[in-house]
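Heads up: the structure comes next, in structure tokens.
By letter and in written order, the chains are A, B, C and D; residue numbering begins at 1 in each of them.
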Amino acid sequence: MTVRIGIIGAGNMGADHASTLQRFVSGASVTLLADVDGARAAGVAAELGCRSTDDAEALVRDADVDAVLIASHDATHPAFIRACVAAGKPVLCEKPLAPTLDGSAALVADLGADAALVSLGFMRRFDPGYTALRAAIAARTMGAPVLLHSTGRGVSSAPGSTSASSITNSAVHDLDIVPWLLGSPVVEVSWHAPRSATGDTTFQDPQLVLLRTADGVLSTVETFLNARYGYDVRCEVVGESGTASLAEPVRLVQDGALQRASGYAADWRPRFAEAYRLELQAWVDALTRGTASPLASAHDGLVASAVADAVITSMHRGGTTVPVEVPGTAR
Amino acid sequence: MTVRIGIIGAGNMGADHASTLQRFVSGASVTLLADVDGARAAGVAAELGCRSTDDAEALVRDADVDAVLIASHDATHPAFIRACVAAGKPVLCEKPLAPTLDGSAALVADLGADAALVSLGFMRRFDPGYTALRAAIAARTMGAPVLLHSTGRGVSSAPGSTSASSITNSAVHDLDIVPWLLGSPVVEVSWHAPRSATGDTTFQDPQLVLLRTADGVLSTVETFLNARYGYDVRCEVVGESGTASLAEPVRLVQDGALQRASGYAADWRPRFAEAYRLELQAWVDALTRGTASPLASAHDGLVASAVADAVITSMHRGGTTVPVEVPGTAR
Amino acid sequence: MTVRIGIIGAGNMGADHASTLQRFVSGASVTLLADVDGARAAGVAAELGCRSTDDAEALVRDADVDAVLIASHDATHPAFIRACVAAGKPVLCEKPLAPTLDGSAALVADLGADAALVSLGFMRRFDPGYTALRAAIAARTMGAPVLLHSTGRGVSSAPGSTSASSITNSAVHDLDIVPWLLGSPVVEVSWHAPRSATGDTTFQDPQLVLLRTADGVLSTVETFLNARYGYDVRCEVVGESGTASLAEPVRLVQDGALQRASGYAADWRPRFAEAYRLELQAWVDALTRGTASPLASAHDGLVASAVADAVITSMHRGGTTVPVEVPGTAR
Amino acid sequence: MTVRIGIIGAGNMGADHASTLQRFVSGASVTLLADVDGARAAGVAAELGCRSTDDAEALVRDADVDAVLIASHDATHPAFIRACVAAGKPVLCEKPLAPTLDGSAALVADLGADAALVSLGFMRRFDPGYTALRAAIAARTMGAPVLLHSTGRGVSSAPGSTSASSITNSAVHDLDIVPWLLGSPVVEVSWHAPRSATGDTTFQDPQLVLLRTADGVLSTVETFLNARYGYDVRCEVVGESGTASLAEPVRLVQDGALQRASGYAADWRPRFAEAYRLELQAWVDALTRGTASPLASAHDGLVASAVADAVITSMHRGGTTVPVEVPGTAR
């Protein structure tokens, strides 16, 4: 059986997913691609050998679409998720669930039991480095964790980035992965920053966030979108008797010009290609077998949004400590 | 379109290939599995959800088999390849092409133009480390190569290993990959060895082979099957202005007990899982598109056998330098 | 000309300094060793081939002592420094200058111009790693710095350690080296901590301190005295276009038991042996040449104490941000 | 007591030794410096604050010279050693003992018991990496050794270098250190080479030498004087259950321009500065204490010359295996 997938959004992310699904995922076939820019959809579809449309709603209803992947603009996520659920079709939505915490909360409340149809694209949970790190933590190879350092640096930020979007679009991966690694929710946060490396007062870059999880671990999250030197994601867990850290994935080491050097990726695509492939394979396998999705859930997306919201509150309050409150959850 | 694949051999290698094809290769489906031990075939087939048989010849003729993967005992390779070609079916045979150089030569001579149906399983050619290394060599990032060091160490050897089988079964991967990396054939070899780490006079381990390629590069090939500490494959190319080396693929680094440590695989499976997946995907893609196989060819297998044969001749002649002669090729 | 040195304190630190001076420093000779425990002094002196005494004041006045090194209990530092200065003898005092900030301030105020006779043992300033890192920062190889991460972990804490002593005795090295690296003073600090890895409520371990320097850089200082796995000092500077980090000094890499491993020191001695040797050589060279001491000054010690004091204030105020005020300095 | 040292030779090597002795060695003082180029001697002496001469013989007899360090042209070594011994003065001679094997043999024969006065400058024996590696081998942390890989690469060769001088001047360090590490003499050798990276038929570069030691270990020695990318010395010992390798001494790691990089030295000075310092300190300590020199002996120099001679014989015989014969030694 082949799962026939429709993809909404033919930008970088949508095109990358489409290519991975078509070329490297067993049991899947991309049958239809939608983008508000119909020509862009048609261009990508031609490479994949599938149909295209500029009507995402039609894609959701299409008879040759068994499941939907949403990689369109953030603002469109809630409506497309609702449409998929209404059509009874499983949907994998790129983060965020919704542009605002309130929007995410309303969506999760409305979904009810249908939330089981929805998966969220926190792909780091499928990266072999992070899964090995989580297993090491669970096995307590470093004793019980006390500190965690999560670092995300990139070459340059997208146009229009702000201090807040840096949290909700980039750091949100750390805000999801830290509690997932530790197996403990974030309960309070504080926001800190050096002078900004951008010349822009609305965009503080880098930023440093402290997270406290229910298990008492203190985590630092450094986010630096314009670090220039490369796309570099690091994570170290410090426990009572040792540490465990992600190793930078490197293929070659080269000597030349009085240096020994290895390369960094220029963006997330090579760094997380394997994570995306394994995430999509896991999604397709669950669809094929009729089992529950092993991907992040809509509720996981809501929780990450709540943490991001608390970070932004701390940012606006001069770095004071702010508790995390997940709407609809009694603490 | 899905390529329906029959696999001959349900041992470690066959089962591993079957699982990879079924779980991780787009456009492929394992439909039939054969093993002389019918119960073993049935056991693996049950996990995969495919049919099984103890009759490999029947598998080759089966109407639901579009292409065949041979992972049975070395001695059976030539006959099964001939059967596949006779049936007009594409075949991917694990190395070696044949147990002897004469057998390989006779097979290649007999195949003639049908050799286009045959691919050989030198999977290192699809390992992302080796492909990056080959690209670096081709781009002359280290200047023109002068030396190459290829090292293959394992935890323990298979029962019945001998000095010669160490060359034909293990070092043969180096004997194929070195000229593939350099883009230049091996023209002469010599064999050397320290005292043996085994207690067995028929099994020298480790061994050190020197290869001279037509481009004048001198390569060392170290093979140590019982190195105990881990499965460790290394390759360094030294050029006129720098070097390039494979990096050990590592996911985690761990601190504990006064040490910083990363892990080694215990055998080839984790180390080359990605290479096997990409090799099988490339094979299936070529079958789907009707294009020429990008895998190693039958002739590549013959050439590697000829180099291995020269190494064993040097071994028997006390380490003297021996020219490589590929049967059917005028030098 | 040989500088004849008297050492006060024959514990680990004093004995280590005595041995380094006697064995590895050109132009120096240890002539007299004092300890309140005269037998301990005699034992160390016998190994060195020098005289010993239980009277430190007599050592300061001794005709065969040109300069004094103080490695006795912290509480004794101010009185011995005053005695040396009164005798007109150069003195190198291990940190801290005094056990309290007030004591340090009073001492510096009293010293006046005689402070030129006093050097303080912040040996990291002579470690080849830190000096290379400082040079890289000054050369802006990573662009202008924005973040700095300083990490100090040890195997186990000394008996009687407390949350505050962890700052004044251990983290104080970071509190000195961070502004020295950046060339900018610390202006405000905040203190943070996870659950404690000790079972002791008076001793929080690990601790995380944030430092803001006048240049706008935000630094994290992690101090974990009971990290168990090894003595591990790290420092990374993140700039606007790259980073520079200390490399762990390692002599050997060893493969075994499915691991590749390198070792950590069990304590500060092997890690900073070279720093201590170079610091002592620089001190002796300046004495020989009659030039100003290139070591940390009494005022540097006062500044570090003021930063430590602000950290402890933040600790007592639940992690709020506290400005650094150096007594006797108008901001 | 201070050992007063006279140095013959004010070139790079002599000046480096003079500076190390004067600045960093306890218990030593350079009192006189000789060079055939009296102006050069005077220049270096001015920096050191010592006397100079163009008469090396006078230096040997000088009343203010207790011991002599020879760093002059290779051809002058035997005569100066004889002069020192005749004057009853301890002498540390840079390698080689003599330009030819016969010369070395004649010198050692003539020295007789006076050889105890002579030390030879194989400084690698004092490098902390090599001493740690030797200790690891002695402790059998990798089981009994079977293979050893010794690699020496440099940026560019000295003017006038030849295939033979590459062995006698550079590889000779490997030819000494390999048996010293293993604790077993070299018994036979063979010489191999790729096409040369130099355009010069009298100068083959790189070269690859195989050494067999009496313990049955096979060692590879790669020497590449014009490797361009940096001064890079490596050594790996492979044993029956693991390996041990020298770690490249690195102070900083830097990220920038899509690379993570650490530096190589441009020549031997930074790489072996610590080895030279410790060697000189050990020599001076032995002189001070009146104990036997722990440095390489004249006989060690003779043995290394005999191995080098066998390598050159193999070079002239097309790479055949050549036994090592040490003159004056019955095998």
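One rule holds for everything that comes next: contacts are C-beta pairs under 8 Å (C-beta built on N, C-alpha and C of every residue); 3 or more make two chains touch, one makes a residue touch a chain.
All values reported here derive from a predicted model rather than from experimental measurement.
Student: Considering A-D alongside A-C, which chain pair is linked by more C-beta pairs in contact?
Tutor: A-C
Student: If every chain is reduced to the average of its C-alpha atoms, which one ends up farthest from subunit D?
Tutor: When every chain centre is compared against subunit D, the largest gap points to A.
Student: So what's the Cα centroid distance for subunit C and subunit D, whole Å?
Tutor: The computed centroid separation for subunit C versus subunit D comes out at 38 Å.
Student: What's the distance between the Cα centroids of subunit A and subunit C, rounded to whole Å?
Tutor: 43
Student: How many angstrom lie between the CA centroids of subunit A and subunit D, rounded to a whole number?
Tutor: The answer is 57 Å.
Student: Could you list the positions in subunit A whose residues touch two or more of the other chains?
Tutor: Within subunit A, residues 142, 228-229, 241-243, 255-257, 262 contact more than one other chain.
Student: Tell me, which parts of subunit D touch subunit B in their complex?
Tutor: Result: residues 142-144, 146-147, 149, 153, 192-195, 197, 206, 208, 210, 212, 215-218, 220, 222, 224, 226-229, 238, 240-243, 319, 321 of subunit D touch subunit B.
Student: Using the touch rule from the top, collect the residues of subunit C that touch subunit B in their complex.
Tutor: 228-230, 232, 248, 255-266
Student: Please name which positions on subunit D make contact with subunit C in the complex.
Tutor: 2, 22-26, 28, 128-129, 132-133, 136, 141-142, 241-247, 249-257, 262, 281, 285
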